Amino acid sequence: MKHSKRIEIVIEQPLADRMIATLKKLNAPGYTLVRNVGGWGDRGTRRADELAGDTSNCLFLIACDDPEIVQRITAGVQPLLTRSGGICLVSDCLWLQH
Amino acid sequence: MTGAFLSNLSSPPLLFFFLGLLAVLVRSDLDIPGQIARFLSLYLLFAIGFKGGAALAVSDLGGDVWISLGLAMVMSALVPLYSFFILRRRFSVPDAAAIAATYGSVSAVTFITAASFLDAQGVEWSGYLVAGMALMESPAIIVGMLLYNRFRQNGNANNRDVRWGTLLHEACFNGSVFLILGSMAIGWITGPEGKQQVAAVIEAPFLGVLCLFLLDMGIVAGRRLRDLYAQGSKATRLPLPMMVVAALVLPLVNGGVALVVGAGLGLPAGDLMLLTVLAASASYIAVPAAMRLALPEANPSTYLAMSLAITFPFNILFGIPLYHQLATWLA
Amino acid sequence: MTGAFLSNLSSPPLLFFFLGLLAVLVRSDLDIPGQIARFLSLYLLFAIGFKGGAALAVSDLGGDVWISLGLAMVMSALVPLYSFFILRRRFSVPDAAAIAATYGSVSAVTFITAASFLDAQGVEWSGYLVAGMALMESPAIIVGMLLYNRFRQNGNANNRDVRWGTLLHEACFNGSVFLILGSMAIGWITGPEGKQQVAAVIEAPFLGVLCLFLLDMGIVAGRRLRDLYAQGSKATRLPLPMMVVAALVLPLVNGGVALVVGAGLGLPAGDLMLLTVLAASASYIAVPAAMRLALPEANPSTYLAMSLAITFPFNILFGIPLYHQLATWLA
Amino acid sequence: MKHSKRIEIVIEQPLADRMIATLKKLNAPGYTLVRNVGGWGDRGTRRADELAGDTSNCLFLIACDDPEIVQRITAGVQPLLTRSGGICLVSDCLWLQH
Amino acid sequence: MTGAFLSNLSSPPLLFFFLGLLAVLVRSDLDIPGQIARFLSLYLLFAIGFKGGAALAVSDLGGDVWISLGLAMVMSALVPLYSFFILRRRFSVPDAAAIAATYGSVSAVTFITAASFLDAQGVEWSGYLVAGMALMESPAIIVGMLLYNRFRQNGNANNRDVRWGTLLHEACFNGSVFLILGSMAIGWITGPEGKQQVAAVIEAPFLGVLCLFLLDMGIVAGRRLRDLYAQGSKATRLPLPMMVVAALVLPLVNGGVALVVGAGLGLPAGDLMLLTVLAASASYIAVPAAMRLALPEANPSTYLAMSLAITFPFNILFGIPLYHQLATWLA
Amino acid sequence: MKHSKRIEIVIEQPLADRMIATLKKLNAPGYTLVRNVGGWGDRGTRRADELAGDTSNCLFLIACDDPEIVQRITAGVQPLLTRSGGICLVSDCLWLQH
């Protein structure tokens, strides 16, 4: 088990592709993506799975054991969040090496 | 006048739209699963596109076709221009630009409901108008962004340059536009025999699917109305009265412009009515998606709520019979 | 007797129900996506409601219609009453109340399968019974909660008062009841021309959709049977034998009551059979959803497993031909 | 980055609306909702996405930097969990301010 | 030759496959929701299975039926054998075994597209071939695993014995095989009256659904091609050129073997063509799912990308008219 | 609130049943399962919700207050991850007792 960080990011579904490109550019080791997620925040209610063109979020989970990359990811993600809202949380975890 | 009005209101699709609104009013948990609603809308675009293309294959593409298509694209660019300057007085620059783009663009389902209204009344309309619908989606988005770029205060916190690449791509290749134009091309290539092969899927079930789709639209519009009523979003204070007025006036103004210009060009009654409906309708899928990417400063609780919860119901409940009546008089 | 029995078993919908059960038996990973299954059930309610409404529009609503509808609602309230007192001896108060409500209510798909069985046999049945089905959903839920409230031990840990508001609302406005009654109203307003417009969606594909829906029901019921068999849930010991007996006896008792009362009122064979099916059927969507909200103390592994994994298969495989035979003799 | 708590709550899907009302009443800063989630616990298996009226859970993720509100949320949620089962987990995290 | 070629390319289903590829090329966000795509494929298997069974019920199961079915299963076992030894020279043992199993098995949709091509050309084909399709899925998986087990280097890190139980179960009872054989059995039992009852669902809409399904296939295949092109996967270097060559040569070799053997047995033109298509087609749902469980050492970016992004498009665009022409000459 | 661990496991959707059996055998107290999840890692992109037979992951969340069971679960899960890829993260949390 290796001491690492887990990064959780919630942004609007339409921005998923741009977020993926950013993560790859900052060579994140990988990501897990939960699509079509609901939520509520400053910008009102986002009911996932609705027809109108604006109502879903998506949740990224990124495990990363290199603190330097973690720092770069949080910095790289900030402008996207400032523009379109959402959250980014960083917490400690142990990563099972297999 | 009331004849057309009543027959529209008592057509199955409209009644199911009411049922959807009622479901939200009585807080029933009736809900059409999201993927199904998205597929029903793809089906409607696939079917109307294919039929439009097959109709084009058998009709001679005379001069007036290109004039009407040109008129449609001009409208899509013109409408946001004057709308922006009206809206700017009461809304922020980003919101005004987004609303202008939304109302310059079109709602495919409003067009489809109007077309099936004409079919029920036995009024002819030409297939190329489906192409007009597809062509009207994009110009409005581009003009909206030009206006935003031109008039936004430089003091904006994140002085961000507009990504013209993504914007143009999003405007021209979003899912709905691509599917309508693609299905039209295939309907045109395969012509009548092609249409015959797939008739059982695109012809007979069309109205029944429209009923189920409008049931979902009623639920989605009803929820937006309830949110608007509760002025849901925590932080931003929404200029509610102004939004309601704009959402009712803009369709009439835009529709009126199209009616006058179309009549001037001597369009037949059915085509004139559909062109008016396109001008009067506002987008609630394609433009909001583009705005999320290109113009996040605009608050969807304004332009999306206006087009989905106010203008869409207004157009299919009262607009369609009204524009039909006016088009019949003027044509 | 065996004729009706065999022809029921060899009808495509029933065979696909068997295929679903078999899929679980051989542990095949065949699975109908969840949103599709939910939409197929909404489609069946939409279609049967619309057809019922259109039939009502052309039939004269004579006195016996109101009598039968009244009888249906009385049954829906009466059945939970006597069932509760039978069940209380072997089940906890919350479970007994939930099971009583489940068996007082109805299963729309059992009704639909019975109706298409009658159509295949060329036996007439009146459209208003669809309204009867919708009206029988709610009374049972309310009576069940009244019984729970009356007989629960005060020593319950969380001495919680029943939220009558949410319960009544859930009972009357849950998605299924709302859609059946809404579609019936629209079918009734638009009458035969309305039905003609949407016929291609609600008439022809009905039986094919029923086959796909019952395939999914077979899979879901099979999974429940397997869970029951392994007495899945970690903690609670389920009174399995008692559940199986109750799940087979209750439909026969409730069906018998409806048969006798209905015959006494001189209902025609087709209507009598469907009324019996409604009394004998048990809810597995509407009531369990209501119980999750209003009566969480009841364990769904009892009432839902009974209605879905035992009573539903029993009714459509053996119940339908049995009630048909009895109704023909008694009518 | 601000020291905050992340609250994860799993309850039955039918109770989602009631949970949202509770969170808003206790003025949680926001929530992210993953709907139609499966699970297994004392009350047996919950296969998400099945027809029968009882089989789905939903997962709430709430970021909250005010310990007092965190405390109120966990207390406010407890009766719902006691009645209908489910879990509530609270863990530490850093919340990216944007 | 070019006649059949062009008429295939300009049939609606094929054009919608192109539209899907185009959507990925222009990076449009057009997307068919996942559950819908899965349901459309279940519908196609349900419909072709039921029709095959109903056809069997009225046709006398003569000697040559069993010979062809036997030939089909032999092909499904034979193809992986010789393919493995060709592939082993250029691919790792796990990859070679997985590719061999993929190409020994079949693609139901390629068969369905070929069958509707024959229907459009008015060429007869016998219903039992649908059973042949189902029977060809499993033997290839078993032979592939036998080869892997026999030739894998013992030095493999996780020296894991093959779980024969799960493998056999997965090969015989995976969702697609189970649904085809189940629907065939029901179509056979209920015969023509059964088919008549569900005709509105399995007959008329078939081609329209195939269009929507191939639109999704075009999008999925396009994405795979784009990934392949960018040699997406970070770590493993894919032997791209070798994959492309194998994905084009294997169908022709396997198709050729079936053509010669089938012609030798004197199969009629339609049946010979479909048998060739089965041999030439490669699985992209059933076998990859089985490989995920039984042979995780194999990298899906090889066998799945080959069958989905190269062989499937090759077969339906060029293969179908080619095999048809050859079958007509040889029959 | 009880000091516990939260285990997050991401594996391929086809292996979900085998993972559930493993968790029950190692008597995990329960699990919450988010199905049909996308991701990207060494084995390339997994677009959830696609037709082809290999493209979805699933995410398990397991709350467990018994460190010994936690240890057994991570050990029991390792072979599955080595074979088919995926991640397993363990982090601290407080578990609301209800």
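Lettered A, B, C, D, E and F in written order, each chain numbered from 1.
By our rule, contacts are C-beta pairs under 8 Å (C-beta built on N, C-alpha and C of every residue); 3 or more make two chains touch, one makes a residue touch a chain.
Everything numeric here is computed off the predicted structure, so don't read it as measured data.
Trainee: If you apply the touch rule, which chains end up adjacent to both chain B and chain F?
Mentor: Correct list: A, E.
Trainee: Farthest from chain D in C-alpha centre terms, which chain would that be?
Mentor: Computed centres place E farthest from chain D.
Trainee: Examine where the copies chain A and chain D touch and state whether the two sides share over half of their residue numbers (same) or under half (different).
Mentor: Chain A and chain D contact each other through largely non-matching residue numbers.
Trainee: On a CA-centroid basis, which chain has its centre farthest from chain F's?
Mentor: Greatest centre separation from chain F goes to chain B.
Trainee: Between chain B and chain E, what distance separates the C-alpha centroids? Give it in angstrom.
Mentor: Result: the chain centres lie 41 Å from each other.
Trainee: As a quick test, compute the distance in whole Å between the mean CA positions of chain A and chain E.
Mentor: 38
Trainee: Between chain D and chain F, what's the gap in Å when you average each chain's C-alpha atoms?
Mentor: Centre-to-centre distance between chain D and chain F: 19 Å.
Trainee: Could you please state the distance in Å, as a whole number, between where the Cα atoms of chain E are centred and where those of chain F are centred?
Mentor: That gives a centre separation of 33 Å.
Trainee: Could you list which residues of chain F touch at least two other chains?
Mentor: Each of 34, 41-42, 48-49, 82, 91-92 in chain F touches at least two other chains.
Trainee: Spell out, as numbers or ranges, the residues of chain C touching 2 or more other chains.
Mentor: 33-36, 38, 205, 289
Trainee: Let me make sure I understand the interfaces: which chain pairs count as touching?
Mentor: After working through each pair, the chains in contact turn out to be A-B, A-D, A-F, B-C, B-E, C-D, C-E, D-F, E-F.
Trainee: Quick one: which bits of chain F touch chain A in the complex? Just the residue numbers, please.
Mentor: These residues of chain F touch chain A: 8, 10, 34, 37-42, 48-49, 57, 59, 74, 77-78, 81-82, 87-92.
Trainee: With touch defined as at the start, can you tell me which chain E residues reach chain C in the complex?
Mentor: So the residues of chain E in touch with chain C come to 34-36, 38-39, 42-43, 46, 169, 173-175, 178-179, 182-183, 185-186, 189-190, 194, 197-198, 200-202, 205, 289.
Trainee: Which residues, counting only chain B, touch chain A once they are in their complex?
Mentor: 33-35, 37-38, 41, 157-158, 160, 216-217, 220, 223-224, 227, 232-236, 284-289, 291-293, 296-297, 299-301, 304, 308
Trainee: Where on chain F does chain E make contact in their complex?
Mentor: 12, 14-15, 18, 36, 41-45, 47-54, 79, 82-84
Trainee: Which residues of chain F touch chain D once you look at their complex with the stated criterion?
Mentor: 1, 4, 6, 20, 24, 29-35, 61, 63, 91-96, 98
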